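Take a look at the structures below.
In the two complexes below, subunit A is the common chain; its partner is subunit B in one and subunit C in the other.
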Partner chain A sequence: MSALGGAAAGGDGINPTGTAVGIVILLVSIAATYALGFSIIPLIGIIVGGALIGFGVHFVPVGGAPAAMGQAPGIATGVAMLAAGAGLAGLFGGAWAYEATGDFAIAVVGGAVGGGLMMAITCLMVNATYVFAMGIPAASGKVDKDPITGDTFPAYKSQGTEGHGLPFISFFGGVVGGFITGLGGTLIYIELLDVYHAALPTIMQADPAAIEPLAVSLAGIFAIGFFLVNAVLAAYNITGTIEGPHDPKFKRVPRAVIGCAVASAFCGFISMLILVNTGM
Partner chain B sequence: MTVKVEASAGKLPHNTLMIYGIIVALVGIYLTYLNVVTGVAVFSFFGGIGAIAALWWGSDTIKHLCSYGLGTGVPSAGMIAFGAGTIAMIAGTKFGIFSPIVTVILAAIIGAVIGYVANNIINMNIPVMVMSLVELSVVGALTMLGFAAMCTGTFMFNGLVIGGMTLSMEPSAAAAGGVQTFMVTVIPEFAGSLIGGAALAVIFFIGAMALQHPFNACLGPNESQDRTLMLAIEVGFLSMLIVAVMSFAFIDMMSAIVGLIVALLGWIYSYKTYIALSKRDAFAWLDSKPIIEVGGNQ
Partner chain C sequence: MEEIVLGIGITALAGALATVAGAAEDTESDIGSQGDPNSQVQLAPQMGYIHRIFNKAISGEPPAYGAWCVIGAGVAWALMQINFNPALAIILGSAIAVFVQGIYCTSGYLGRTASLAKFQQPVYIDIIKSLTSVTMAHAFVAIFCTVAMCYLMASALHHPFALPLLGLVWGIALGAAGSATGNPFYGKERQYQNQKFGAGVPISASGNIVRYAEAGQRSSLDNGWFTTKFAGPASGICFGLIVFLELWRTVLFEKLMSGWGAIIMGIVLILIFTFIDRWIEVWGRKTYGPYVTEEASS
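The block that comes next holds the complex of A and B.
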């Protein structure tokens, strides 16, 4: 069987029918959560977090295998791996900040800074490898001029490549992407943790202090699951490589935001189900 | 920019494979219930066998999905499978004896929603997308449930979250005759359990790697179904080996050793078979030929 996916991604447009059905799924998930007697505020937080992850992933410069050979700009790995790295680093940072301070704002910002920091270090070391080990200058293939620094690229771009290295705009995009995905991941974690914290002692008939590790682990595992679902959906939207916010593929971002919001809403509803007393 | 991925036509039809996979996985997970019936935990390793059956089926599903050139690499499919699967699996374990069945149903629903989002909102327009993500979510959920059952000896929520019991004794009122009585309460301890100790995260990632690796390693013009699936079994047993080591913390020594021996024997056998199949396929390319173009849609 040969590759059939030539026109797999249907352009940059939005599919109206699919989006309408998606929004219905989102509303039904919220209504079902409400009908089961849970507060819908955490679910809204989860939806916003999922949408932020879908949005943030598009900033991250992903080069894939061509970048490893110096034939395309970006970091030389797949979207899902990079997003998971940035988001999980952020999530750990945010979880630690929440544990230490118990303050919502500090924890969310801590997660965002953790994700941004992770991407900044990655981008720096990737560029060091490109410049000093592979001997290639940073040049974008999608734009002639860096929108931030004004550097020109065509003179540095090797023939037959789509550009190479990590120009400043891609570096900037990576840090912003890490910041936003880390924020989204931490938001999901904290919302889930609060829900489990409040409801698990009743349902398990246990002391709130004793249930603490269980609430943290459950929220953490669910947050990782949510994160990977959203990151891979965003990766499917990108289909392969993206240079950063200046890439024409960035125009597809509304689709990913809607898609991730719908998927997060439904998965969020399922994750509330463990608080239903099934009596078994 | 998509990497051309070619897959063999496949000797065993995918639907047959799916039916075998789901039945063996469910039967394997249900056989761990013998632990409850008999009172010993030696039947735990059946959970691992069930998980391997799910991985075996999932590798073939990934092959079908990734033949369409997603552009994101094969590992992303394993990641989304386990991301969706873990949500279904934890929610599904709340349903007592029906947990494996409920897990499959929940995972299928989550997979269908995610597949719809990918296909119709994100506009992937891949014909097998919805079905593949349904299958992959079920595979992810069953693999995690199987390994969790192997690790702890049960597939029910309470068994997965309660690590042990501590007895708390408080002096109670003196009974008649001056005898001091104590009120004994049982306090469940959560931090030492599979989920409470976050050991489930290890199962998550070793399972995801076992799911994404076989086709990622074997893809190419020379891919053959039996070799890919044997690699799935091999990596599955390797993951089962890790789970068997983890199970020493949760079940008794004897049962964990049984799991370890089963995993080790299975791994040695499947590794030898896989190497033999690799040599067979390598020999077929001894006189290098042009890449075979397989026509048609399959």
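The block that comes next holds the complex of A and C.
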């Protein structure tokens, strides 16, 4: 049932027709990239990065407006924006590490840790606010018992609410979500940066060192764009609020992963089109 | 060694700027009612509760601050390209961004409140006159501190991103940290001050926000006065910690173990915060105990 009394829309399943159309778009994007003379390895990296962002967003406990009144558990802001905030903090760290070390693994893991750290601090401050300023202990509305700590919740839930605060499983989900979205975003950034590094000097007939700031900026802007595309898609899949990995809505993850992979494939193709030398 | 000492100094300064930015951001969003709790400000007239609270949820705080900080950083960057002094460029960039914010505030209040006309909610011109400038002043502090912090990252710490890109990244992160930490305090503790302390607001009470102050009707300025007691500083600490620790672990530990040092330190920090969070959760459960209804407690 929805809040308005109608039947619940959406559901958890995968639409076969939609999935088939999506896979066709994905394959066409890969084929078109190949046909234009680009390697498809960066595009595969972008697709994986996008799918990781879509996957990671589902871990982030987001309560939206009800959480701001202590009516539902989670962080009191929007799904897409919180995930983007965490992922972009990770992207900041990952891009910096790649600049300093040039090591793919360090940059990607560095981005992941940056996202996880941002979420750990944010979730901690949310709990500090609920407990120390509002006097409200954490209580999940979706499960009776915390899967990690074993804490029980029904007795702690305020009357007339769906729970409040951030139980430990939600904190854990937030950190894991920040970690995965930071990883995915940094992966996209590095793949794009390598492509632009290789192709821009030839197209613009300029020294690679002179092109460096342009390549970094383009890769950064596109990586932020990919973040928002995938985070918003995942938010549509979540429809409103989610408590974390223990929430029944988490079962919708496969649908988001497919959707984000398809969107990333097409957007990745577009991000490489700017490198096509039309001779104009 | 000298480079590391300079890096630590810049890290501390950036952390301090971020703390001020976070506090100003949350106070601005509470006075202007920008975040998720504004759903109740919008809902109240529909439930028959006419009020004098500012109502300007233009968008979520993260994209709003992403836009304003990127405008500030972009203008500052452009001015620096034509050899303006960096301090002057950042001030001018932030001032221009704040005018954009002010325009959004005005149109946001007028549009949102006018849409409530059929519920007899008036548009109060004195609210626009007295509160828009207050939100603009707070937004200026938040944008200026964020852009200055980004400038330090780009020029002194040599982050590869250009200043406008850093403005976008940290503007979105600023909004995310400020709204996550500050919204519950403004939403539950202030708007629903008439509800029981230590419990969530029952869904049935939605829309019945507190509309009267000690004398006369409550103004959004009163909300800013209240939320600066906790939500503002807490948001500042949140954003300040994010910025400071992200820079600190990189500046100090990046050279260790060929780059893995910063990652290990990041994981250690996450574990420390996890431990503190669990301690807070257990402390809350033990101190406050299970929920007790009024009938049961009397």
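Heads up, the rule we're going with is that the second predicted complex is superposed on the first by the 271 of 280 C-alpha atoms of A that agree within 3 Å, B and C clash if a C-alpha of one lies under 4 Å from a C-alpha of the other, contacts with A are read in each partner's own complex, and residues count from 1 in each chain.
In this text, a contact is a pair of C-beta atoms (placed from the backbone, for glycine too) under 8 Å apart; a residue touches a chain by one contact, two chains touch by 3 or more.
As the structure is a computational prediction, the values presented were derived from the model and not from experiment.
Steric overlap between subunit B and subunit C is present once the structures are superposed on subunit A. By the touch criterion stated above, A:259 is placed in contact with subunit B alone, subunit C being left untouched.
Once the two complexes are overlaid on the shared chain, A:222 sits against subunit B while remaining clear of subunit C. By the touch criterion defined above, A:267 reaches subunit B but does not reach subunit C. By the touch criterion stated above, A:93 is placed in contact with subunit C alone, subunit B being left untouched. When the shared chain is aligned, subunit B comes close enough to touch A:206, but subunit C does not.
Of the two partner chains placed by the overlay, only subunit C lies in contact with A:114; subunit B stays clear of it.
In the superposition on chain A, A:232 makes contact with subunit B only, not with subunit C. Look at A:249: by the touch rule set out above, it reaches neither subunit B nor subunit C.
Within the superposed three-chain model, A:15 lies in touch with subunit B and out of touch with subunit C [touch as defined at top]. With the contact threshold set out at the top, residues 64-66, 78, 81, 84, 162, 213, 216-217, 220-221, 224 of subunit A are in contact with subunit B in one structure and with subunit C in the other. Against subunit A, the residues of subunit C that register as touching in their complex are 35-37, 39-40, 60-63, 158-162, 165-166, 168-170, 172-173, 175-177, 179-189, 191-192, 197-206, 230-231, 234-235, 237-238, 241-242, 245-246, 249-250, 254, 258-260, 262-263, 266-267, 269-270, 273-274, 276-278, 280-281, 283-285, 288, 290-291, 293. Listed in rising order, the residues of subunit A touching subunit C in the complex are 64-71, 75-78, 81-82, 84-86, 88-89, 91-93, 95-101, 103, 106, 109-110, 113-114, 116-118, 120-139, 149, 151, 155-168, 171-172, 175, 213, 216-217, 220-221, 224. Residues 1-9, 67-73, 75-77, 79-80, 82-88, 90-91, 94-98, 106, 110, 113-114, 116-126, 156-157, 161, 187-191, 193, 195-198, 200-201, 204, 293-294, 297-298 of subunit B touch subunit A in their complex.
Those residues of subunit A that touch subunit B in the shared complex are 1-11, 13, 15, 17-19, 21-22, 25, 64-66, 72, 78-81, 84, 162, 204, 206-207, 210-211, 213-214, 216-218, 220-222, 224-229, 231-233, 235-241, 255-256, 258-259, 262-263, 266-267, 270-271, 273-274, 276, 278, 280.
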